[in-house]
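Okay, so subunit A shows up in both of these, paired with subunit B first and subunit C after.
Right after this comes the complex of A and B.
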């Protein structure tokens, strides 16, 4: 057994989606008028506000619900959410930062080998599904982690889950299954 | 509290109250035996559908849907087992809450999906594209409904292999007599045999996985047709012209697949001992017959040659490859499948989340920030056969992010930072004025 082929796998978090509430009504026109880096979308009833640091985009609804996207870690998402809440406070709203929750984390990872998707799907049915006519990747859903892994034949993985820890666990769980399918089955 | 209705001695009694078993038995003793006693609970209303369930007939749309499923089966000329199974699945899916109230259009697509899953379960090779064609629906729509349906009905449908579909696909090509002149004609049997062999070779060399089957099949049929009689006339035929004479629609990605298959054929063609000239994509078609005949031996030779070349390169360069840096070669021994150390990377820094005890010495190496590591060569370039996207990546590899200090969610936020996101009163007034002027000019234009 050759254990010296162990390699570190870099799981790169590319997007963290978080929500929070301001516990007060927000006047979108005021935000659009007095805020910079703001895009007002009256047709859908929301305002988009972009922060430079951290680089996040927030969708703001008049009910006080806000969704932040674009952060690359959970801490960054929280910091960005707090900065946004401070911005809204400075604009004159009685904001109370509450109900902050990370709802989705998107990460990518690359295996150092190609993966035979048909073998992978056959070995892991029905958790794995693969329809080449619809999408080039096989989908592997881990129910108890609420994580979904898209497996590409090039070895790239795209993982989505409710938090970073679940995403990491999902990759670790999937690795041995992917390793088994790194070559076509011998005839 | 109960509402009760019963008949006794041709009289109808109704009332409300509490009926115990004692009461019910006393009703029987008074000569109401054999009469119907209907008890209704005041708190649970019996719906019309429940009360008439016994005499329920299938609705017209279900009947029409079943007829449509039958028609699809007859169009595709599938056997009776598939027809019956499709109808069974359609009935189950139709009556499920998820599909009960959907539009008729969706129900029609559902019928097609039932046929598709039945074909797959009973080993009848058919593609989603064929079903979409028969239904005149978008493949994506058919795919979505298909995936919903198999989830709801808990069906484990096998995937159709490309090689299984080849025979049916080849028959679509009108490339036999009397459709085309004799010099261009080929029998469907020969064409299928060669095309299947080409697809198998493509599958072994990572060209099929993750790709749409139709473009690969088209490329295989085209190359098979050329290789059956590799004269000047056929070799000059472009894919466009071939599709025209075969009376099928051309798939653009098939051109790329042809190039990829030719590259693989060239790699194998080089290993043929009796071919002295250099094998290039232009002249490889003449060697296809020999390559397909001896493909397994040629594959083994090519892999061995590649390994020898790699070994020679390592020795010449004098670099001792570290075990972590070597990608597993295709002929490597089975490797221990222990879970590897993984690290979560954020803004270019590695932060280890879990540690494995096996390679303790490697931990420090793996925790080095990304930009200090020697950039890993693309592992695909070291392999003889690898997915083409890895060998020739379009996108640049994810570059290391500019170094950012670790972000703490509870760090202080300065006022000046926040002020940069807020307009001053003068700026706000100017902005409002400009918006007003813009809207006025827009209304004047319209």
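Right after this comes the complex of A and C.
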């Protein structure tokens, strides 16, 4: 599956972003004054609330939309979101937990070889783009998976996609292409 | 100009007088040509003695049809919006391109890119400046000129990453594959700027070799090419005995000192740096290096590993020392003289405690203290035994035995499990926790279990999320209560927050006061949010109807071939309908708009309304294209008919009243005058006026 001989590649999910709605209007000032770990930003119009147990940060808007970031897995994101909703419930709002959706998953992965970015870009012309003046990595966008892979010359990869499955598939798809343009490391 | 033969005398000697613009045969004197078109520039003296050239500038790719004099006025004088955009774009490209010293071919290519971009609507929402810069940079990349994105951003004073974003987007949308930047391209340019005089070429060649070497050593991937060039040029300059400091180089190359120094150190790490100058020019090493970031990462990993090993070794040594310490203590005990008499009683009390502390394990009634001790000892002994095991393998059980002798009680259970079990450090912890009968471990386990349960309870949520109910499974209420402050805390926080955000609150108050005051005064103008009126859906039964309605709603363009459109609509349209308009002055116009009158006043009303709406546009159409008047009017009629058929009277009422009032109908005349009619009086009135007059023959 991975077309690697010795080890399997470790894809480590570092961040999961999810959104959900509480279907009720929230008074940000109350939340700001009665909650711990809360930062109120009136200019932007949102409240940042940080939870410790699943370590997540949530942006809460007064319309009831909430964005949760910082979780390390999809389940954790959901748990954190529910915790948050429970907390808001206790503060006195008529909170309903609806429309929970994982929006973005960020993962890192490391290849056991270095990659020649210029060759890689040349072989995959429209899909890959490399602009050394702007960013040291080559960007490879897979449209049908809606995933983006940033390839560094040291062989480390940063993958973003809508869910964990897509991310894994993206890495698997990209592996043979990267393998072609590899450069075995001396040490 | 070919000399022609005179018709009368056959002589070929023809005198062309440019000033008079005439060609005369010198043999017989007959005038062959009059009013020759000359392509010379004539000058005219203006006021103040200023002489200016006579004539108009006509752009090469302007509007296809020249604006007809005496007729034809669109909203924008002379050109359409698209043409104007292109023209201004071309001007900006020329301006920017000349600053970069690009040749005309490049500028033309850039303009072509710009035309493509405009046709794909990629300019929407972007500053024209950015788009132009991106087009120019695209040309630079495809042509391979030594211009950097940084140069462009310097000229425009725009952040280079913003330009880069636009550039990437354009390249993607236009499917233009810009070849990758080669640092070798920049060398000649920078070398020239560093002023090496006669030796510029040699220095460039050396620098080029250096850059190629860097490429092979994997220093160039992921780095800005300008940084590499800077380092290469610096070294090359020194090699040729030119004194160029780091500061000179960075001012030319536009990177910072740190970057340059880093590149130099990286180059230093490669084996090539060990060669002498002559060797370098001749020899090329085969070996390639790893990318520097990779080596740095590996270095870090190695350091970490070393540290870990050191820590382990330290622990080991400590363990050994404590072993020896214990042994020494026991020996001392034995050799200590026994106390007799009263002192014996005292010493007995002290001794047991000492013994416990020294021997470091016991089965105590007081659970907490000794548990702590026990656990710490556990951990250190575990570490020890693990390390020993790892290093010396199973053979060295003697040390373990020694260790074991010192221990009593629960540890013995632990040891055999350890030796057999995995080397992970998590396992011993669990085992320890499992064995120790302390309240702490029990509660810890509980929380672990609740956590597991929580994760398992994820799936039943799916059904509940539909209803919006919150699934409380696995949520520890106690913990969440901790997140909520009690009353006193709330008070304190409120105070703090108010103090902190005093300015913001003040602003808000002032704003409210201001609004209230304005409301009282009646001058309160609420800032209208830009609400985009929703486009009405066109209700049409056939495709041709839909086209007509669309035409009427949208601005009518001069590029539509109405001939074709009319043929398309031949099914629905009948060319004779009445339409009204405010009193006209020219008879030709009247004739144009006369039609057989309609029967129902309602229909008239509709028509009136519609023509009021469209009067403006149709006037334009009609008068601008005299040949096409018929077509235009027929289109108008078919459209009006269609709209009349579709629109309800109520609708048209609302239309007519607002439209009637501010509808300045432009009456175009042949003489290029625009007569603005003030206020169609009322649609019905107008129709009433014309109801009887319309019975005239069609002129066409």
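The rule we apply is simple: the second predicted complex is superposed on the first by the 178 of 187 C-alpha atoms of A that agree within 3 Å, B and C clash if a C-alpha of one lies under 4 Å from a C-alpha of the other, contacts with A are read in each partner's own complex, and residues count from 1 in each chain.
By our rule, a residue touches a chain if its C-beta (ideal position, glycine included) is under 8 Å from a C-beta of that chain, and two chains touch if they have at least 3 such contacts.
Keep in mind it's a predicted model, so treat the numbers as computed, not measured.
On the superposed subunit A, the positions of subunit B and subunit C overlap enough to count as a clash. In the superposed model, A:134 lies in contact with both subunit B and subunit C. Set against each other, subunit B and subunit C differ in how many residues of subunit A they touch, and the higher count belongs to B. By the touch criterion defined above, A:23 lies against subunit C but remains apart from subunit B after alignment on the C-alpha atoms of chain A.
When the shared chain is aligned, subunit B comes close enough to touch A:171, but subunit C does not. Applying the stated contact rule after C-alpha superposition, one finds that A:114 touches each of subunit B and subunit C.
Once chain A of one complex is fitted onto chain A of the other, the partner contacts of A:182 are limited to subunit B, with no touch recorded for subunit C. In the superposition on chain A, A:95 contacts subunit C only, with no contact to subunit B.
Of the two partner chains placed around the shared chain by superposition, subunit B is the only one that A:13 touches, whereas subunit C remains out of contact.
Here subunit C runs into subunit B after the superposition, and of 2-10, 20-28, 92-100 or 326-334 the stretch doing so is 92-100. Subunit A residues 33-37, 51, 53, 75, 78-79, 82-83, 86-87, 90-91, 114, 116-118, 121-122, 125-126, 129-134, 136-137, 152-155, 183 lie at the interface with subunit B in one structure and with subunit C in the other. Contacts from subunit B toward subunit A in the complex involve residues 127-129, 139-140, 143, 146-147, 156, 158-159, 161, 203-204, 206, 209-214, 323-324, 326-328, 330, 332-347, 350, 353-354, 356, 358-359, 362, 366, 370, 379-380, 383, 386-387, 389-390, 398, 401, 406-411, 413, 417-423, 428, 431-432. Contact residues of subunit A toward subunit B in the complex are 1-13, 33-37, 49, 51-54, 72-79, 82-83, 86-87, 90-91, 107-108, 112-118, 121-122, 125-126, 129-134, 136-137, 152-155, 164-165, 168, 171-172, 175-176, 179-180, 182-184.
Contact residues of subunit A toward subunit C in the complex are 23, 32-37, 40, 42-43, 51, 53, 75, 78-79, 82-83, 85-87, 89-91, 95-100, 114, 116-118, 121-122, 125-126, 129-134, 136-137, 152-155, 183, 185-187. Interface residues of subunit C, counted against subunit A in their complex, comprise 148-150, 160-161, 164, 167-168, 171-172, 175, 177, 180-181, 218, 220-226, 287-291, 293-295, 297-298, 454-455, 458, 461, 464-472, 474-475, 477, 479-485, 490, 493-494, 497, 501, 504.
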